[in-house]
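Next up is a structure, given as structure tokens.
Note that the chains take the letters A, B, C, D and E in the order they are written out, and that residue 1 is the start of every chain.
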Amino acid sequence: MESTMPVLILAIPLFTFLLLGLLGKFMQRGMAGVIGTSAMGITLVLSYITAFTYFFSGNPLFISAGGDRLQAVIFNTVWLQFTPDQIDAAGQIVKHGLAIKLGFLLDSISAMMLVVITTISFMVHLYSNGYMRDHHGVCEKGFQRFFAYLSLFSFSMLGLVVATNIFQMYIFWELVGASSYLLIGFYYTKPSAVSASKKAFIVTRFADLGFLIGILILSYYTGTFNFTELTSVPVEGLNDVYAVSAGTAEHIRSIFADSKAPLFMGASVMTWALVLIFMGGMGKSAMMPLHIWLPDAMEGPTPVSALIHAATMVVAGVYLVARLFPLFLMQTSALDIVTVVGAVTALYAAMVACAQIDIKRVLAFSTISQIAFMMVSLGVTRIAHTDALGHEVHEGLGYMASMFHLFTHAMFKALLFLGAGALIHAIGSNDYTAMHGLRKYMPVTHWTFLIGCLAIAGIIPFAGFFSKDEILTACFGHSTVWAIWMTLVAGLTAFYMFRLYFLIFWWKEHKVHGEHVPHDQPWTMTLPLIILAAISCVAGFVPFGNLVTWNGHPITGAGFFTNLDNLNWNVAVISLCVAIIGILVAMKMYRKENPLPEKMRSALPRLWDWCHHRFYWDELYMFITHKIIFDRVCKPIAWFDRHVIDGTMDSFATMTNRLSVAIKGLQSGRIQNYVWVYLLGALVLAVVTMLCVL
Amino acid sequence: MESVGSIIAYVVIALSIIIFSVLAVTTRKILRAATYLLFALFATAAIYFSLDYEFLGAVQIAVYAGGIVVLFVFSILLTSHPGDNSARLASKKRVSGLIAAIAMLLVSGYVLISRCIGVAEPAMQSIDMQKVGATLMGTGHGEYLLPFEAISVLLLACIIGGIVVARKR
Amino acid sequence: MFSNILIYFVLIPLLMLAGLGISRNVKQIRAVAVVGSTALIALSVYLLVDYLGQRAAGNEAEMLYTGSWSWFTPLNINLSVGVDGISIAMLILSSFILFTGSFASWKIDQPKEFFLWLILLSTGVYGFFISIDIFTMFMFYEVALIPMYLLIGVWGSGKKNYSAMKLTLMLMGGSAFLMLGLIGIYYHSAPAGQPLTWNLLEIAHNNAISTGWQHFLFPMTFVGFGVLGAMFPFHTWSPDGHASAPTAVSMLHAGVLMKLGGYGCFRVSMYLMPEAANDLAWIFLILTGISVVYGAFSACVQTDLKYINAYSSVSHCGLVLFAILMINTTAMTGAIMQMLSHGLMTALFFALIGMIYGRTHTRDIHEMGGMMQILPYLSVCYVIAGFASLGLPGLSGFVAEMTIFVGSFEQGMIDYLGGAGSLRLVFTIIACCSIVITAVYILRVVGKLLLGPVHDDHHRQLTDATWWERLSTATLIICVAAIGCFPNFFEQLIRFTFNPEFFRALAANVPVLN
Amino acid sequence: MEKTMLCYLIPSLIMFCCGVYGFITRKNMIAILISLELMLNSVDINFVVFNRFLFPGSMEGMFFTLFAIAIAAAETALAIAIIINVFRSVKNVDVEEVSKMKF
Amino acid sequence: MDYSQFLAMKQEIGLLIVFLLVFLYDTFMPKKALNGTSVFTCVVFAIYTALCFCCCMTDTWATTFSGMYATSPAIAAIKNILNVGALIVLIQSCKWANSDEQVVRRGEFYELLLATLFGMYLMISARHFLLFVIGLESASLPLAAMVAFNKNRYESHEASIKYLLTAVFSSAVFMMGLSFVYALAGSLYYTDIYCAISTQPSAMLVLALAFVLAGMGFKLSLVPFHLWTADVYQGAPTVVTSYLSVISKGSAAFALLVMMVQAFGLVYSQVWEWMLYALIILTITVGNLFAMRQRNMKRFLAFSSVSQAGYIMLGIIAMNATGMASLMYYILVYVFSNLAAFGVISAIENNCGKVDMDDYNGLYRTNPRLSVAMMLAMFSLAGIPPFAGFFSKFFIFTGAIQQGSTAIYVLVLIALINTIISLYYYLLVVKAMFINTENGCVIAPFKSACSERLGLWISVAGILLLGIVSCFYNSLLELCQTYGIF
């Protein structure tokens, strides 16, 4: 495969960013939107072609003779050479030095992510053309900036998923963090937005610290950053230079397998490395306890939330674990941590989502919960074994399920966010208390939103059903406890989503204030909703088992209905039932205005309070950062610096000055004193010298 | 064993040196101080004589006693009224003076005693004026033509300096 | 003598001084400054190209363009010049910062005197970087220090007298130790019976300084240069000094002068006394490791923009010395990169702070807010500088820090696994933490100063950057981005310096990995 | 009893110390000058004594004394001129008066 | 008796001729022509200085009067350095000497100055302590008269009496020391003493050396023998102060070097090395500590010169050719730097009578050239490159460290740390002139006299060139390396 197209996929958004960023203020605002959207459109097409080529062209670069999907390094250039290559006398490279390369790694998950990112991004671009205008169709201030940021984000996210090595991933990881920061703080005059953006950046930065240290440990032991070498999957590169040097894979495997690495606090250093890397993922993917930034991030414009904080960036953590999955497989204790973190987060986020008023926050917590599903799914993945019920479980089913859910979730969550955006745009508020009963006024939004809710609740045949079913199957394959846990969370998901749905669109009739009647938005905004709704309906049938697996080896066939064929109906029925129960409860409580919710709230006041206040995590963080780190660390250090260190330096001067004043009496102005000092000085000099010398 | 006469002469000389020195710096009448100085200088001259340096003794009397002390007397008469007593010393000052003097005495005394104890007076042939003159005018080793010339410049400069300073304007 | 290109790095500033001496009005003064600094940029870029050409042609000499002219012959003092990749990098840095600094002081009072001092300072800087004779090096070093006093004292603000004096005295205190160290090196520069020398390369080749003497001389020189490199606890001149200095001076000082410290530590202390460096590194590792975190924490609570930046410089420059002490090729490369990067971005910071201060007459972040609405250009530049500082990929900070961390960690692991203790490892991880703290204080400033609602309505009348300010900041941003985007170019430029001989002394006690 | 060298040196030393004491304690400048004369004189004695007792063959000590006397005379002359000068200015010769410049 | 030996003393004889010419001119020329005395003296002395440079530098070394007097290229060089300094002083003094107050004493001033210079020559060339003492007295006694030259100023009288009394006291102590030396060696010739003093030190030797150092310390203003310095510098006419601070000090330093090496060289490490250590540390530190607080410029420079003397001593303690050359070079540079400073002070004093540092506030605004000259002088004194002071300081440290003991490193470190304090107070002057402009400028703009400007130009040229142009130091060092001290 030529490298032109991949390069363009990265270059077009970057170029658009620079163009809009530097020259944006010289162009009309609307123009910027057009440029940004069309550029994204081109990228979308290119990505689709690339993905299609990868999956279906049958090119031997991408698929082996045995039908296994391969990793293909399309291009890879050295960006920063840390340690030089070792060259033997003959001029041959014996061992590659450590280097950050920028490249394009095409394999099943990156191809899939290309599709996801460009699709959602394009939708969001399109949508933003309508969203970022006021009711008279005049573009908001900063329109160009907005599109510039979107392009920057798209570029970074694309760079992240196609990274050929972990350091490239880290680079783009930081860049998506920065674009996220910029976009959350887009309304920079709003103090809440500013602090939210700051929070997001700093929390993820903290997580990235772990990521970085993890990378350092990993690369020290393996001697490479390259995914192809790290994950030991055979590669067919365009150029031999980028191919795995002989023995590297064995070397890495031996480090992991033979416990060549030393122990640290009872665990292998490699486990630590993976856990630290996962910590980076936790930050980006808002896993507990690093989740606190995501709800606040909803301060950003809603399309941004859809793109970054629902569909793409937040799944980077999942993607990261998936990327390094073969390594995780060799250190299952790390996988266990992934599982636990995921499961706890899933339940937590679902509970909190039940008690939020701001619709975007509900969606945010739902996002956290769903990503936690993906994490759990990865965490429970093991290779070929029999499950608790005695069934043979497919190799790496959880991995596939996780990716599948990532894909479907991106679609329906983007849909939900964009729908929410339409609502907010129409109502001018984020709270459902200002909405209620909108179904008549905004039919398109209503129906698409409903599809989204059904998808996330896991109702057959919408997309979420299939992916969630696979996840639960994988869980059952690993541990019944986690499986039941996750099933309950799935039920809770259905409940809170439909609570939201009913509270927005039903509950009671909408009160129209003045002439302002809520209505569906212009086509730029509804079109993406419709498209995404359509995708949510059919995405469940994409044969992921055939396309995306941990080792490239297909576990299902390629047909359109294979997903249905391969369903584990035991699990499917359970999950469906749970989901329907959740929906019914929600319907009972929220379809019409009734005192039931109020009763329940007063019945369990403590629970409501905790959920509503997100279990007081924010307060805890505020306490730690402000009261402890700021007040008890930074301020004392600054004080110490000014008063002790600087004080010492100053005191040298003061002491010299004091001394100078103290001895001024020596110069008394009296000749006789002078002579006295003179003589005694000479005598003391003599006596001291005598004592020393003689 | 020395003759009794010379010992008595020595004791007189030594005592007068000590006594007149002490008196010269302790008396409260300045004119008396000058007088005591004169006696001390005479005693010094006596030492020179007793050590067989007659020429030096003569110079001492001529220059020091004759010249310098007269100068002192003139200047005293110029600057103070006869009969003026200087005020009593502040005890602090006296103590510091004593400290310095005694320290000097102890240190130098120790040094002298440690080094020079028991050196007897060797025989020496007396120095005739011929030799003194030749040495003063000679250029060889231990001869002093150059210092002799040099000190003339010093004296000239001091004369000029004295004139300039003492001149009214 | 004049056939050597390096001499012109000193000659051009001297000509500029002469030009300033005869210029009669502001326009001529500016013309001299701009023409001269442009010429210096051109010269350094030409040098870079030619240098790379020579390297590509296979010239493997340690230093290129070497030249030596006898000066104080009986003492073996020569005017020896020569450059390698590191020096060239530093020369380019200096040229760009001088250039932008000239523009940043477009409207300064008493321009003639100001530029005279500024150019004198840069003469010292250039001389320092081209010298390979430690006497001349030291001389130029001190030439560069003293103009600071007047620049801050006359053109500064706030408690300028105190700061100027403190800065000068502390730096001179450092150079007192340095002078002793250098003279000591001279007297041990050659084996008995051979002529002594001040020449860096010869001293290194002679390798005659006994370990015992190294243990004495290394701390002297390292502390001496370290004071200028803002090493804890000798950094306290930096906050006050920077806070009081006028814009261009802060730029030049933080941007270039503080690099003299790092460069000197590297070139003199480490290069000439590797054994002692190896033995005593732990002391300074602790100090610099503290610098890194401590500076960052201190920056978190400051409210004066310049103080924030000064403390951040303490942190970043601490990282430079920290990396140098790792005695690891990668980390040292990173240190040089960090010098470049910090020089540029800190100059950018100070330029921007100066420009903002010139408009608002305050530097207290509590008295400002919402500048993004009023001064969008400057604010955007500030954000970019901030991103560079907190290590955003694509800007220079990231590559430098990552190189350092990778190298330090590698050395830390080598030490740890080789039984040489875990100090390097632990401090590397501590230093890594600074990336978080840096983010905290940078974003705090950005949030308080630039974003949010306008704090003071009087500020609404302010006007955005003028053309010379735009030129100055844009140049710096382009440089920062250039390093950030194409790091390998600089990395390779620098790396050639670290020839194996440099590490000769360390080979014995470093276990080879795998 | 024999007259050893010390017999001469000690009185000379005492003379010197008296000079020191006088210099430090006297208020009248001329008295101070007198003290100085004592000190110089004591030095002269020292030279002569050393010459006589230790190196009787040479005359260096003696000649040093000879020149020292001349120097002392010059010093005294100049000193008296200056003291008179000061007297004209401040109308007395009290050494305590001339301590305006200090610290 | 070979009187032709006098001919070996070319410089002394030349100087005496100048002295006589001035004397004769001043005594016998008609009243009208007396206005030209200053010019006449300067010209004659300049010619003499030039001749010395032409003729005397090439001489090989000579010892005359059976070793009582010695000259060598190095000695000729240091005398030439002193000549240059004296010439600058003469030039700078023109304005002052021709003022109404001084005009009656003008001729005497020059005569005394030349006489003292002659005394210094003797100190340097003497290889016999009698000759040395005569030189010492000629160099200090007439100075007391010069100090008293400002008859209308009380300070001048106070200074002269302080100077004279302490000078005589110190010469008494010095001669006391000499008497001990004589007792030990039996001779006053340096060479004899060198041979006669055993390397096993005795208490008497220690005391003798202490007294000798005290006597020389008085001339050099080493702490604790320096106490007269500030008062005398402050009280004396500025011209005389500058003469005292550079020429007198420089000659004494070199003479001390010669004496210590030639007479007491063998007991260097046993006895006087440690004494000098103590004196140097005390001198530098105390001088600096006092200088910090001074507001009167002359007093300030007095203490600065005290601490500078400490640095000069490093050249002696080095006991090698580098140290000696550095010492000479240091003196050379110090001459130019200090004379530049005093030139500015005297120009200002002559014009408006201000000598306080506070009066210098904002001087740059009103008299930029003077303040630049002052700044250069301060920087040079503080040892800031590229001015000459840096080189001299660096070389003197280099020379000292060549000695090689650990103690010397400590000593140099202490000296170096003291440079920080000294930098502080030198910068105070710079600060006053350039930075303190808030309260207006005290000194109105004025045009200084030609002679003052000429003197300043020469000094500034020296400050700028002596360091960068390496031939001065190189030739000095080569001289010392080739010929040694003797």
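Points to keep in mind about this one:
The rule is short, and it goes like this: contacts are C-beta pairs under 8 Å (C-beta built on N, C-alpha and C of every residue); 3 or more make two chains touch, one makes a residue touch a chain.
Remember, it's a predicted structure, so these values are computed and weren't measured experimentally.
Any chain that touches chain D and also touches chain E is listed here: A, B.
Comparing the centres of all chains, each the average of its CA atoms, the largest separation from chain C belongs to B. Of all chains, the one whose mean C-alpha position sits at the greatest distance from that of chain A is B. Chain C has its Cα centroid nearest to the centroid of all protein Cα atoms in the structure. When chain pairs are compared by contacting C-beta pairs, B-D ranks highest.
With centres set at the average Cα position, the gap from chain B to chain C is 70 Å. Chain A and chain E have Cα centroids lying 77 Å from one another.
Chain A and chain D, compared by their mean Cα positions, are separated by 96 Å.
Annotation: 64 Å between the Cα-based centres of chain C and chain D.
Taken residue by residue, chain E touches two or more other chains at 130, 134, 137, 141, 144-145, 148, 151, 160-162, 165, 169, 173, 176, 180, 183, 187, 202-203, 207, 230-231, 293, whereas all remaining positions touch fewer.
Residue positions of chain B touching 2 or more other chains: 93, 96-97, 100, 104, 107-108, 112, 116, 142, 144, 147, 151, 154, 158, 161-163, 165. Of all residues in chain D, those touching 2 or more other chains are 16, 19-20, 23-25, 32-33, 54, 58, 60, 63, 67, 71, 74-75, 78, 81-83, 85, 95, 98-103, listed in ascending order. If you check each pair of chains against the touch rule, the ones that pass are A-B, A-C, A-D, A-E, B-D, B-E, C-E, D-E. Of all residues in chain B, only 1-2, 6-7, 10, 13-14, 17-18, 21-22, 24-26, 30, 33-34, 37, 40-41, 44, 47-48, 51-53, 56, 59-60, 63-64, 67-68, 71-72, 74-76, 78-80, 86-87, 89, 93-94, 96-98, 100-102, 104-105, 108-109, 112-113, 116-124, 127, 131-132, 135-136, 142, 144, 147, 151, 154-155, 158-159, 161-163, 165-166, 168 touch chain D in the complex they form.
For chain D in complex with chain B, the residues that touch the partner chain are 1-28, 30-31, 33-35, 37-38, 41, 44-45, 48-49, 52-54, 56, 58-60, 62-63, 65-67, 69-78, 80-85, 87-88, 92-93.
By the touch criterion stated above, chain D contacts chain A in their complex at residues 20, 23-25, 32, 95-96, 98-103.
In the complex of the two chains, the chain A residues touching chain B come out as 672-673, 675-676, 679-680, 683, 686-687. Here chain E touches chain A in the complex through residues 161-162, 165-166, 169-170, 173, 201-203, 206-207, 209-211, 213-214, 218, 223-225, 227-228, 230-231, 270-271, 274-275, 278-279, 286, 289-290, 292-293, 421, going by the rule given at the top.
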